[in-house]
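Letters A, B, C and D mark the chains as written, and numbering starts fresh at 1 in each.
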Amino acid sequence: NRPLVLIAGPCVIENEAATLRCAERLMTLVNGVAIPLIFKASYDKANRTSVTSFRGPGIKEGLRILKKVKESLGIPVLSDIHSIEQVQPAAEVLDVMQIPAFLCRQTDLLVEAARSGCVVNVKKGQFLAPWDMENVVGKLVASGNEKVVLTERGASFGYNNLVSDMRSLPIMRGFGFPVVFDATHSVQLPGGQGGSSGGQRQFVEYLSRAAVATGIDGIFMEVHEEPDKALCDGPNSVKLDDLPALLKKLKAIDAIVK
Amino acid sequence: NRPLVLIAGPCVIENEAATLRCAERLMTLVNGVAIPLIFKASYDKANRTSVTSFRGPGIKEGLRILKKVKESLGIPVLSDIHSIEQVQPAAEVLDVMQIPAFLCRQTDLLVEAARSGCVVNVKKGQFLAPWDMENVVGKLVASGNEKVVLTERGASFGYNNLVSDMRSLPIMRGFGFPVVFDATHSVQLPGGQGGSSGGQRQFVEYLSRAAVATGIDGIFMEVHEEPDKALCDGPNSVKLDDLPALLKKLKAIDAIVK
Amino acid sequence: NRPLVLIAGPCVIENEAATLRCAERLMTLVNGVAIPLIFKASYDKANRTSVTSFRGPGIKEGLRILKKVKESLGIPVLSDIHSIEQVQPAAEVLDVMQIPAFLCRQTDLLVEAARSGCVVNVKKGQFLAPWDMENVVGKLVASGNEKVVLTERGASFGYNNLVSDMRSLPIMRGFGFPVVFDATHSVQLPGGQGGSSGGQRQFVEYLSRAAVATGIDGIFMEVHEEPDKALCDGPNSVKLDDLPALLKKLKAIDAIVK
Amino acid sequence: NRPLVLIAGPCVIENEAATLRCAERLMTLVNGVAIPLIFKASYDKANRTSVTSFRGPGIKEGLRILKKVKESLGIPVLSDIHSIEQVQPAAEVLDVMQIPAFLCRQTDLLVEAARSGCVVNVKKGQFLAPWDMENVVGKLVASGNEKVVLTERGASFGYNNLVSDMRSLPIMRGFGFPVVFDATHSVQLPGGQGGSSGGQRQFVEYLSRAAVATGIDGIFMEVHEEPDKALCDGPNSVKLDDLPALLKKLKAIDAIVK
């Protein structure tokens, strides 16, 4: 029952300057509330709604930028991987390797990620029950890696909508590994804008407070200086300016329930 | 943004002695944590899964017992009504008249309840979106009663399961009336035991903490001295002994978010 | 495994002339395809989305009109009841007494309807699993009435949407009573237009063909001469002119699967 | 509106002899009812529930066996691919390349499959609305391939359950490409047996009749000589002996609606 950790950063690496600036801002903010930070950014958005959406700088350039963040600021970094070929290079930079929700049952990817020795954070598929994640954990542990993290990011609820079942957090914690709530993807409206996903930024605060109140290990949020100008997932990203007030409340709630 | 209120009591009035004993226990407990109490108990369970299930003492005897609770202990009482004929006698005793979830769109019942002048607490149907409750509010207000309370008790999620969408709490609060989270019906597994509903008492604590963290006006819980011996809804009732620790946490969370 | 029956008529009794005209049109149409008809119309819409929606002529005038349809055309009539007080007068006119979906678990209403000796058609609640309907059947049979019909009209699927799970039809048929598919309420979008429910008339044909292909006893459809001018449920009503072509296909499919 | 096609075969290639025997049996059966056959079998089950589940012979041996089926029996073959590296070798053997449901939004996989020139059959993700598949089609067409097929295999409905929304079939057909109903995965209970998925074979007949009645282009079924001995997806596979009677009905229904 250690204090809450924050995993945050932009949805996608837009460019080196913006990424570093965001990481620095985040460091300053979390220092103010004494919450440990893991910096998150994706080098490739491999499953955007539309083929013409912005995908990021690619693995090589992306890992270079993440390495710079890590070394210049001294913070751990997290990114997501999409194929077994990416595991090796990613492992050289990342502290936490993340398995995207749609890929959370792809056995080879899980096994290869586990073998890298990295911490592996698996996002729970929108199509899975919380207890189904125990089989996912089993694939990692059977591959010799017990540094497992599980992340809730909403379950399919009819069409173009997700619901956050708060029961899933204690259920998954019952497997014995840290559990994170992804407060920004949970408010996505998948495909909700036709050619891209919509989002309900206004609910991030409510859902993150609710999730932390159940007693969790980390909170995950995509942030942006100006979410409405973000190249990916703007509708559900949190404005950096709004973060400190929210984090203060989360920390206070966390202290009560732990 | 006034402090949290507790609505609590046994699912059904089992008999006079047990009901009074429960109310007294509750009063003592809430005094310890300084949370206002509204005592809740049903005189008739009108939609049990099976025709042979225990239904309660009926309206006449039930209202007599509730009146005794109210007068001897000086606490407001709440019960649910199921037909327009019940409104008049119920209004003579009850402080809050509750509309069951399945009946939340029955226009005549809403209008008649509104006209009684009582506070009317409407449980959101498991089949309704949070924003649909604005039309329900409209039926009450158009009947001249603005003493409206709305209660979330879970939404249908596949078969024999409910999910508590925490977004519904701020959405319904946006209508301008107090919002309550029903933490024990939200963990029901409707019809989950074949001839009766199952329940997941172990999640009451998590969901109630989560709901209070979003910022609500009241928390609703069915309680029992020995839930496993309850004549109705035992699987999702909270043991009275477990209540003080939970209430203390809820009050602390409530203070943070208001 | 007797041939398919059609239950059809306007959502609500708009007035005597329109109701009789609709019933006559329907009789002519079904004679052309040799499908038995039960005429359906509601005298009161007791749970409209908004308090200002049109509700119908009321029970007295409504039953008078239904009696006229029944006697002048010689066809059985069906309508829905909403309280135990309505059972007695309704039983004097109706051949089939229908329990609305939201009320399908109200024990007193089921028991009273059963005791009338009428055929009782219960619509499955949007919040119920198909197997839960066995307890509903139990309430009727325990009250001495085995003339039971069960109707599927869609299950809650996220917000403002219903899904027709075709598995429910063989599951409910397994209880030993006739099963009907309500092809027009199944395409409702509950509350989907804010102050009233939307509907997807364009899917009635597909869903009714699908349901009949599973092997059912009856098909239920709300029809109107000019659906866009209907006073209730227009968006999901079938235009009378479109009915003959659809019925011909349904009859042909029914013959294959029985 | 050409007549119905059957896509069928074992879930996984268990060995060469069993695969050939199954293909021969299928050929004989479909000749009896004059339905064109595409033979389906997987060389690798890449996302089994458990890490210890049987996965198949792998791509090299699997494609060798599929080639043998294709050449010795003269029937087109279909299999699923899981990474861009598999596209090239698979394209040398397969007539139809299938994208698994969990991977239906992985842009690189879709683009690479499209570029192979093969027919590409995409299974709709359990987490997608039918209209979301138009963006998937867009990824293929933008890559220069219009030989697209879309397959419905059920949508997430609460936990460990899928529902087949028959509306999705006409919706997806509206995009202008052939639509297939996967009648055996649609009756899966994902993760329903803890360490593996359960299934409801008894509903395959009902759902396939329903889907064909909406008017579709193909029906997909996993079959086995002895489903209870199958190494994968036995609980939802169809017994070969039961196929002819079912196909005869499907063909008759198809003739009525086209």
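Following the convention adopted for this analysis, a residue touches a chain if its C-beta (ideal position, glycine included) is under 8 Å from a C-beta of that chain, and two chains touch if they have at least 3 such contacts.
Given the structure is predicted, the values throughout are model-derived calculations rather than measurements.
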Least step count from subunit B to subunit D, where 1 means the two chains touch: 1
Chain whose mean Cα position lies farthest from subunit C: A
Rotation, 0 to 180 degrees and nearest 5, that superposes subunit A on copy subunit D via CA atoms: 180
Separation of subunit B from subunit C, taking each centre as the mean of its C-alpha atoms, in whole Å: 33
Between subunit A and subunit B, centroid-to-centroid distance (C-alpha), Å: 36
Interchain centroid distance [CA atoms averaged], subunit A/subunit C, Å: 48
Residue list for subunit B, restricted to those that touch at least two other chains: 155, 157, 159
Residues of subunit B that touch subunit C when the two form their complex: 46-52, 55, 82-84, 102-103, 105-108, 110-111, 125-132, 135, 138-139, 142-143, 155-156, 159-160, 190-191, 195
Sites on subunit D touched by subunit B in the complex: 157-159, 161
Of all residues in subunit C, those that touch subunit D in their complex: 155, 157, 163-167, 169-170, 187, 200, 203, 206-207, 209-215, 249, 252-253, 256-257
